[in-house]
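Common to both upcoming complexes is chain A, partnered first by chain B, then by chain C.
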Partner chain A sequence: MNTIIYLDNASTTPTDKRVIKKMLPFFSENFANPATKWTSSLSKLVDEEVEQARLNIAKLLGADPDEIFFTSGGTESDNTALKGIAFKHHDRGNEIISIPIEHEAVLKSLETLEGFGFKIKFARVDSKGFVDPEEIKRLITKKTILVSIMHANNEIGTIEPIEEIGKICRERDIYFHTDAVQTVGHIPINVKSFNVDLLSLSAHKFYGPKGVGAIYVRKGVKVKPFMDGGGQEKGIRSGTLNTTGIIGLGEAARLASEEMEQTESDVKKMRDLLWDKIQKQIPKVYLNGAEIDSRLSNNLNIIIKGIRNEPLLVALNERGVIAGGGSACAAGSKYPSHVLKSIGVKDNDIFGALRITIGKFNKIEYVDYVVQSLNEIVNSLRDLSPFWEGE
Partner chain B sequence: MPTPYTKLVIEHFKNPHNVGEIENPDVKVTEGSPACGDMLTLYLKVDPVTHKITDIKFKSFGCASNIATGSIITDLVAGKTVEEALKITWKDAAEALGGLPPVKIHCSVLAADALHSAVEIYMEKEGLVKEKNPTKMETVFQKLTHVIDPNTGVDIVKSKIIKGVKIENGIIFIEVDLKENDQFAANVKEEILERLGYLWDIKEVKVSFSK
Partner chain C sequence: MNTIIYLDNASTTPTDKRVIKKMLPFFSENFANPATKWTSSLSKLVDEEVEQARLNIAKLLGADPDEIFFTSGGTESDNTALKGIAFKHHDRGNEIISIPIEHEAVLKSLETLEGFGFKIKFARVDSKGFVDPEEIKRLITKKTILVSIMHANNEIGTIEPIEEIGKICRERDIYFHTDAVQTVGHIPINVKSFNVDLLSLSAHKFYGPKGVGAIYVRKGVKVKPFMDGGGQEKGIRSGTLNTTGIIGLGEAARLASEEMEQTESDVKKMRDLLWDKIQKQIPKVYLNGAEIDSRLSNNLNIIIKGIRNEPLLVALNERGVIAGGGSACAAGSKYPSHVLKSIGVKDNDIFGALRITIGKFNKIEYVDYVVQSLNEIVNSLRDLSPFWEGE
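Moving on, here comes the complex of A and B:
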């Protein structure tokens, strides 16, 4: 098979051709810097498109356009939210609450803040990856200034009870940030009903280009920018706008608003069929995280007993199937997944974790080929494994 | 499909040679541990007269390059005497595979370590070691650095779960700071016995758990 079957869509997605088409004129025809819109008609034209993009994102989130600020992606948005709030509001307190299964962009930012004297409290997550809003309530003190809980987890797809947590924070006048990088453009979001003050998103996770994203900052909420410069994006994010990226992000947001429902149902159908066939054909395979129906529709994260995921991924790649799993061997790290560790998966099993994430360009006809490949590879790796007794 | 691996690595990985177990092997040795990601078990059968390796098999719970190195190193060793086998290094294995990406070096080292450990154990067991020095604490600790503490992922010396070692009248007593019913206790004990059981002047190895 010469086709590549790309099943790692939580890592990144291919850019939609319609998005690229929308972006192209803004490279060398309408290349102007939108900052000079008052004097240049070319700039005005680019500015209009950038503002259209802002509007598209605002619509997708139920926000106002002037609450959306463009960044270089999820990592920058997370950094801006956490450090921006902490450094702006440190006079109100120094405690921040989060969960251990956040993305590194959040965890490492928190680590940095700890170095500046902030106290980080982690609420536990259960074996499915859910945080209990009651525990957040218990951890909150007078010194708490910020709570940051991701909307959905990138490895296991668990969707956190954001609305409840948002309500708890709002009632206590504590800032609430959510990393919605895995959900924006995939499932409905409303910043008002979520009661969030800050939200991170990234274009490349929903068929937009890489290296561009946005942060929603609720009107009236002040953050300290960590880049100094020309004061673009109302000073929150200096630097000449990535116009092509932003316009691509805007188009991706527009397409998502229109097609989200259909895409989600297609993706879920393929994911469910895949899981169904894997369970029927391969013994000793277990689901990590929440039940299949209470996680992101695109996500499948499984433990395959007796084998390691690295050779599995290499062998799948040889057959044109690209999936995820994280490789301890490559990074030289002892624990390939802090997420699986946090939900109590045993070390031996973590090495056998496989993440398959479906995207809108995957074809359901390939499910049989994927499961057959998986089955054959798993069999041969189990033959090789000192841990496989043919259970 | 391009990968960071050479064609040869992929070939050996996809169809590894000498995979399996040997019944009643002269030596069976395990290097690495599942907790630190890579593990390789090697089985040796050696001709008692010529000391030529007559059969070698391996099993791997490791990454693709660990599997490929296990395959090539067992190929390189077949038919060699144990002394010749000792001279084969991870570099030879990596070269025979057309090179390995730098981050994968430790995977090939593991296969070579397993081979060297197996041969050393065989030579000790058969009395082929030239200078017969009495077993000292240093030797015991050096050998114990090959046993991994699965709870921490580092060797049991580094992880400080060796509470006491005593050598008395040809018996090595080892106290391990693990609960008898720890999920890995039996495994750790077995590996300690594997490492120390064949020293020429040692009659017995007694492993006890402290809690």
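Moving on, here comes the complex of A and C:
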């Protein structure tokens, strides 16, 4: 089979061709720097498209355009949110609450803040990856300035109870950030009903280009700029605007607004069929994280007993099927996934975790081929495995 | 005239069409995340191109590929260099030396560091924008950990004596960073003969795409990561790699290595002709910064006595000529250029500063049209100006 069946869409997605088409004229024709819009018509033209992109994202999030600031991606947005709030509001307190299954962009930023004297408190998550809003409530003290809880987990797809947590934070006048990198463009988001103050998103997770993202900062919320410089983006994010990337992100947002419902329904259908067939054909396979219907509809994260995921992924790749182990950002790491560890999966099982994440360009016709390949590979790996004791 | 004559190439440049061609397959065909190269052939393929880009940049700088780290641009590289060294080596001392005509990405990062207890010392620059290495030497104390001096100034094109300063720093075991955003791809650079430990560059200043840059970090030099997260780029810069941007940057570097000499000779010829004709046709015009032959060959920064640059730029734009006032990053600002102020230009004159920066796509045939347009506009503005007292 020559076709590549790409089932690692939580890691990154191909850029939609309509997005590329929209971006193309801004590389070498309408290439000007929007900063000089007051004196250059070429810059003015680019600026108008940048503002249209901002509007498209605002619409997708139920925000106002002037609450959207462009960044280089989800990681930068997370850094901006956490460090921006912490360093701006440290006089109000030094405690930050989060959960252990956050993306590394959040966890490592918190680690840095710890080095600057902030105290990080982690709320437990249950075996499905859910945090209990009541526990957040219990951890809050007078010194708490920020709560950061991801919208949905990148490895296991668990969708956290953001609205309830948002309400708790808002009532107590505590800033609330959510890393929505896995959900923006995939499921409906409304920053107002979520009661979030800051939200991170990344273009390449929903068919936009890599190297661009945005952060929502609620009107009136002050952050210390993370990226210092020329004062672009109202001083919140300096650096020449990545106009092509931003315009691509805007187009991806527009397409998501229009097509999300249909896309996600197709994606869910394929994911469900895949899971159904895997369960029927391969023995001793277990779902990690939330029940199949209360997780992101593109996500399947499973333990295949008795095998390691590296040879599995390599063998799948040889058959044209690309899937993932854990987070792509931690790929090649010798450490077991911190997410699976946090929900209580044993180390030996973690190394056998397989993440399959469906995207809108996947074809449901390939499900049988994928399951058959998986089955054959699992059988041969189990035959060789010292960890496999049979059914 | 329908053609746009773009003379603001220090602000940004159009992406070379060969660069776009190189990038295109990496948006939606070879789109995978290089982080998963161990298990995915699609990722491996992208990773190889990313490493080729790294090699191309290393070659352009006389560096080793493993000393090059990709960022979102010059601003991020500057932030990474300054904050990375300061927060990593604060136990060795808290003093940093720089000059007042640095780009805002450096100045504002230093301001942030000042808030964290670092002491910033500025060496004076002379009326042409040059810093005297002897003054750097005098400012150095046992507490000095970092010197940051730009390679060439973005407004006036003055090229600083980097090699001498590098030597002074290396002898004293003090880290030395240079912001080379205006010079990489334009004039020869060798990080070894420059004795620099860190160097910032940006793709869109030399016909690469916006939203991507790199930082050179000399082998063995430790920095605290600025962008925290998944640990990409050996932990120095987290975040999913902007593969299309990086591959574009690599291609721009390759083209620059091959064509720089010819390009810069053409650019200089056009700049010199322009300046010659302006001087002959327009009275009371003065050069800001270094002599015409000891500045960047693409740069012309002039004071046109008796006028303000905003109406001048608007009128030029109406005739299809796009030029700049000061730095694009500070465009629209009500404050006079900090660069021109630092070299002693009077406020009234600063507001009349015109920056013309030539690029490789400019055509020398248009020089007469540009000078004629400028002359006519200057005459009509001077007729109306309360500041103009005649020759």
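We adopt the following convention: the second predicted complex is superposed on the first by the 382 of 391 C-alpha atoms of A that agree within 3 Å, B and C clash if a C-alpha of one lies under 4 Å from a C-alpha of the other, contacts with A are read in each partner's own complex, and residues count from 1 in each chain.
Criterion: a residue touches a chain if its C-beta (ideal position, glycine included) is under 8 Å from a C-beta of that chain, and two chains touch if they have at least 3 such contacts.
Source: prediction; values computed, not measured.
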- Message: Just to be sure I read the superposition right, which of the two partners does A:P386 touch: chain B = first, chain C = second, or both, or neither?
- Response: first
- Does the superposition put A:D347 against chain B (first), chain C (second), both, or neither? first
- Classify the contacts of A:P209 with the two partner chains as first (chain B alone), second (chain C alone), both, or neither. second
- Identify the partner contact of A:E310: answer first if only chain B is touched, second if only chain C is, both if each is, neither if none is. both
- Task: Count the residues of chain A touched by chain B and by chain C, then name the partner with the higher count.
- Result: C
- Message: Counting contacts the way the document defines them, which residues of chain A are shared by the two interfaces, the one with chain B and the one with chain C?
- Response: 4, 310, 314, 317, 327-330, 332
- Task: Would you pull the chain B residues touching chain A in the complex into a rising list?
- Result: 1, 3, 5, 10, 13-14, 16, 19, 30, 34-39, 41, 59-67, 103-104, 106-107, 150, 153
- Message: Show me the residue ranges of chain C that touch chain A in the complex, using the header's touch definition.
- Response: 4, 6, 8, 11-17, 19-20, 24, 27-29, 31-33, 35-43, 72-76, 78-79, 103-105, 108-109, 111-112, 202, 204, 209-212, 224-225, 227-232, 238-245, 310, 313-314, 317, 322, 324-325, 327-333
- Note on the structure: Within their complex, chain A touches chain B through residues 4, 307-308, 310-311, 314-315, 317-318, 320, 327-330, 332, 334, 336, 347-348, 351, 383-387
